[in-house]
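What follows is a pair of complexes built around subunit A, which joins subunit B in one and subunit C in the other.
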Partner chain A sequence: MKNRSGLYASWERFGWTMSAPSVLFLVAMTSIPLLSLLVMGTWRIDLTNPMGNRWIGISNYLEMLQDSRFWNAAWVTAIYTVSTVVLQVALGLVMAVALFRQVRGQGLIRVSVLLPMILAPVVVGLAWRTLILTPEYGILDYLAISLGFGSKPWLGDPRWALASVIIIHTWQWTPFAFLVFLASLHALPQEPLEAALLDTKTAWQRFRYVILPMIRPAIVIVVIFRTMIALRAFAAIFSATGGGPGTATEILNLYAYRVSFNDLNLGYGAAVATLLLFLTLAISAIFFRMRGSVIS
Partner chain B sequence: METDFKGPPRAGRRCAMTRFTRRRFIETTAKIGGLLAAATAAPSFVKRTIADEKHSEYLKAKVNWRQAEGEQLKILVTPAHYFNKFRAITPHFTELTGIKIDFEVIPPREMREKALLDLGAKTAIYASHTADPMYLPLYEANKWVDPLDDYLDDPTLTDRAWFDLDDIIPLWRAANQVKGKLYGMPVEGECTIHIYRRDIYEQLGLTPPETMEAFAEAARKSHRFDGKIAGAALRGFRGPGQNMYIWPSLFLAWGGRWFDSAGNPQVNSEAGVKSLEFYCNLNQNYGPPGVENFNWPEIMEAFAGGNLVQYIDANSTASVIENPNKSKVAGKVGYGRWPKGPSGRRVTSIWNWAMPINGALSPKKKRATWLYIQWLASRPTQMSSALYMEGPDAVVRTGVNRISIWTDPQYRKVIAFTPDYADVVLTSLKEDTDPDWRPRVPQWPKIGEIMAVAVQAALVKQKTPKAALDEANAQIAKVMRE
Partner chain C sequence: MFSFQARKRRSLMVASAGMTYIVIFILLLVWAFPVLWVVMTSLKMRTDIFVVPPKIMFKPTLEHYIEALKTQDILEGIGNSLVVASGTTILTLMIAVPAAYVFARVRFRFSTQTSFFVLFTEMAPPMGLIIPYFFLLNHLRMLDTYTGLIAMHMTLTVPFAIWLMITYFQDLPATLEESAAIDGASPFTTFLRVVLPNVWGGVGVTAIFAFIESWNEFLYAVVLTGSKTKTATVAIFGFLAAEESRWGPFTATGVMIMAPVIVMALFAQRHIIKGMTMGTTKG
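The block that comes next holds the complex of A and B.
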């Protein structure tokens, strides 16, 4: 007995010793920066006017309420997140349902849809900006002209620019939704599907009343993942438009970056980033609760 | 230099050759020395003589170049061609002083962020960097960098007669001063000039414009005259160093002032609105498609590809558009100073790469850094880097920092794109610029961003020029109050 507990204790100690380096590394690389971010958000740290730097409590957060550029960024973030997630889920679902019975060439399809996802977002942003959306010379604009729609200022007009960055994000990440849906369609039990073939009249009914409820957990997971990623999108927009024209594509993440590293207002930038963090956590928590209710 | 990324190939070869000749020389001398008792002393004596010859220009200075021997400095630069040339000839500095320089080469924005983090955290990683002069007031407000006057006035560190500070373009030095003290040494710079297709001007019977009105008229007449070519372009891309590198010239040429005597911002004054309207109309009506996202490389490419009649931008673009391997229009280009605005003024940009000394360094490292800055900004180094060609296709330096080089026939021959190019640039540098071209205050990063957004919002018709500037003016007032 004594021997066993001793063994256990030494095992435990061994476990802690082995995991200590990675735990310490994680604390140093994530927890400490996170804590310093929370603290910085309560300070006025403005390098352009260092005389007035001091602890100011929640003033940074109160200032956000009156900051029109912050509200613009919040609004752009909302449009960007909702539309990219809806588009990804809708397109991914359509593609998965259309293709999952297809046996020939499915391997090829799976590999080829992976390609956008393995590109770095910076590369995606730059490639779209230069190769696809450049007026007159870009592929998309060339097509638009050839088809008689005329050249469009894809990244030059505020509304087109927001639509363009939404399309870029959707292009890159719809494959993720597609692959998850495809996998969960393949994993569905066959009996209810076969029963459904007898009980439903149209394909739509089959989809709406049988398939959709059965893959709902997968949809919720995709929505959670994609919402979290869309909320903290950065690189593709940064390289495609830099948040412009004007502030038309400036999402909260870009705004926090600009405030911190361009305006050098580190305290306020930290507060914006903190708010974005809690926003993401809150939205994810809501979705996770929904998922819990779906599964039970 | 061993740790350097690309390691300029020519420099390496040159060093190897030097070593070879030196060794041969030493061997020969040793043979001649033969049985002499002084044979052991000969090699060091010979070495010194050869070094003296190569560095003779520098040894004229009455400073001890080897006072910080053994130091190692890290310096941040951008990948621009002139810094490549500086890097290529820096081994000569190491030979002269025994100070080793490591370069970190990254694009401008990332470089500035790294430099700011290093300065702000006082980690003293980078002894110096190629700074934007508009950031020097911010550096000074935080006491991040040392005033260079302390180093210039120390006779053990600087031979003022030899260094000849007054020869360095006066307005660049003025732009790098804060409260009367110099905080960054200009090592390279530029100004903006009018660059146009001489052949098209001749074909259409146009004369180089004297006024901004005539400039717009030339753009109107030449726009799509062949069904394709765009009439004119000014930078549209948003940024304190992008569209806000062009619009301030218009603002001042229309008679604008950034602040009134009480310190209130004036960007929404009549001059502001009228100049922004001019900028928007010109780009919207006669600009190439997508000009709202064009920075200087895109404008230069459009011009080099024969898709643009004229633009106003950095004189340094000449070295690319006059290179037949890179440009369809080489030899067909004309250059002129900025046309006059309604106020009667021609206003060019003011820009140089300023090298400060990181205030968090140890005293010895500071001395070593100053020796490097002094060496780099000196006449011999500026001249040899201007004439240095890293390959047959290399672009030439069009931004040397000394008046005496701009007037030197040897240098003028290198940049004789047209007979008057050198004079257009030199006159612009002397007469058309203004140290307070943009507001030199610590808050510039914020103001530059606010204005860049406003100018682009007007260009893409998100807001009217008046509304955009009203909003910007209120924001700047708030920034200045904080």
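The block that comes next holds the complex of A and C.
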């Protein structure tokens, strides 16, 4: 944002004309809906029984406090978010450190890790549900049987189902952490890195005392980016388990969806979504502060 | 001297060569194989799909593709996805590219604040947008229209497109517009005739991102579309909804949804990776 030429410094009208369509579009399609969301959260809006719709203040939020399904969703969201982010960072780091001096095969590696991130999450979720996790015929279950672990109820049992959707998300997004760490390892000043590496003896020391401190900013960024994305995860879980069995994999985002579009209870759904909005805002506020201090 | 340094470099690897190859092998197995397995399953005859142990070698058939395309929903779904993704891409470029240009190169009042507003909109949680939007469209009787879905997809693509294009405009030499200004050309003419021809590559990458985002999108599509505009990502559920799982036509449809994205990934992998990791490193 800083390298402006300043050539058209006084051309206010030009600047506004060129940016107005985008800015007006985004105000109309994001700012206004989000403000409406705040208002909707204070109403009872039940499309199946519109006669009873009225302003109810904070009742939706009070109801949430009593709602065991909401607390379940909050708990599932916490487990899902923390474990997927931790797994992505840990696995991504191992992969990046193992491969960053590797020259051959870079193209093949890049394409294969790129695929999970850019393929439709619905196809990914459905493929896992069928080809990979189906008892007996799924490739992972076949592997588990062959290795002597026996067939597992991957999506049929509440605990296994939560573990499965965590595995799916981790599979899909570890490549992101890997690519970011790989890029920041390549961007490090190579000579101090070499010198520091010379001073250390074991591989673990090199990792712990040289590499880890140097790419800490990248780790922070990945954690924040991925936390925000984990909170809006939807399509892959929806297609793999639909939130089930029961509510075992129902994260808050999915709960807001089910309340709003299955039960058509839009007011309560809006209140849940408002909570998600503030959670996201809080994390992005941290993000901006970190970005200010760590990056520049 | 050089060979000495090269040897040093090897000895300084954090991971040993053996470990490196193991990691590469696992990486390809874990990340590339599932995608390959979907493609293989789509080409297997029905009797070859549900067998233990899974078949690696088999006689390929296109029967599932034919069956999938004969399914009304799938053929229409792919058509609808094409309409929505193309519409989203074109409209996104039309409004985002000019905005990115002025954010990158022109100083005007509130330009910094406005560009931060754009960055901020990218973080709007989709569930928070779709609930009021559904309520509105339901009132206007505009559910199940292309317009409604395209507008919603553009909330995903426009902010990202602006930020991606800003990086391409910033890379242009500062002197680019000066000669045109000396010739007395208006800023609009300069933008169209001098600047745009220098960033077609970036516009192409931005178009790929917008197309993939819209083509793959599911939440907005499942909420907003009905029988008339159902996209492919929604229609694919039809094969797995009932008790009987039709893996053949499901994987065939999955491959048809994935194919254009895989082709784009092969052509533009470096640019796609650069765009995806944008904002995570200093440069």
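In this text, the second predicted complex is superposed on the first by the 275 of 296 C-alpha atoms of A that agree within 3 Å, B and C clash if a C-alpha of one lies under 4 Å from a C-alpha of the other, contacts with A are read in each partner's own complex, and residues count from 1 in each chain.
The criterion applied here is as follows: contacts are C-beta pairs under 8 Å (C-beta built on N, C-alpha and C of every residue); 3 or more make two chains touch, one makes a residue touch a chain.
Given the structure is predicted, the values throughout are model-derived calculations rather than measurements.
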item	value
Residues of subunit A touched, compared between subunit B and subunit C (which is higher)	C
First (subunit B), second (subunit C), both or neither touched by A:47	both
Subunit B versus subunit C as contact partner of A:29, first or second or both or neither	second
A:280 touches, of subunit B and subunit C: first, second, both or neither?	second
Partner chain in contact with A:19 - subunit B first, subunit C second, else both or neither	second
Touched partner set for A:37, first subunit B, second subunit C, both or neither	second
Partner chain in contact with A:157 - subunit B first, subunit C second, else both or neither	first
Partner chain in contact with A:116 - subunit B first, subunit C second, else both or neither	second
Partner chain in contact with A:61 - subunit B first, subunit C second, else both or neither	neither
Touching partner for A:136 - first (subunit B), second (subunit C), both, neither	both
Touching both subunit C and subunit B, counted on subunit A across the two superposed complexes	47, 129, 134, 136, 261
List of subunit C residues in touch with subunit A within their complex	8-10, 12-16, 19-20, 23-24, 27-28, 30-32, 34-35, 37-38, 41, 49-50, 52-54, 94-96, 98-99, 101-109, 111-112, 114-115, 117-118, 120-121, 123-129, 131-136, 138, 151-152, 154-155, 158-159, 162, 166, 170, 174, 177-178, 181, 187-188, 191, 212, 215-216, 218-219, 223, 233, 236-237, 240, 245, 247, 250-251, 254, 257-258, 261-262, 265-266, 269-270, 272-273, 276-277, 279-283
Contact footprint of subunit A on subunit B as seen in their complex	113, 116, 120, 138, 141-142, 237-240, 288-293, 442-446, 449, 453, 456-457, 459-463, 482
Footprint of subunit C on subunit A - complex, ascending	1, 3-9, 11-12, 14-16, 18-19, 21-23, 25-26, 29-31, 33-34, 36-37, 40, 45, 47, 94-95, 97-99, 101-102, 105, 107-123, 126-132, 134, 136-137, 139, 142, 146, 171, 175-176, 179-180, 183-184, 187, 194, 197-198, 203, 206-207, 211, 218, 221-222, 225, 228, 231-232, 234-235, 238-239, 253, 256-257, 260-261, 266, 269-270, 273-274, 276-277, 280-281, 284, 295-296
Residues on subunit A engaged by subunit B in the complex (per definition of touch)	46-52, 129, 134-136, 151, 153, 155-158, 241-248, 258, 261-265
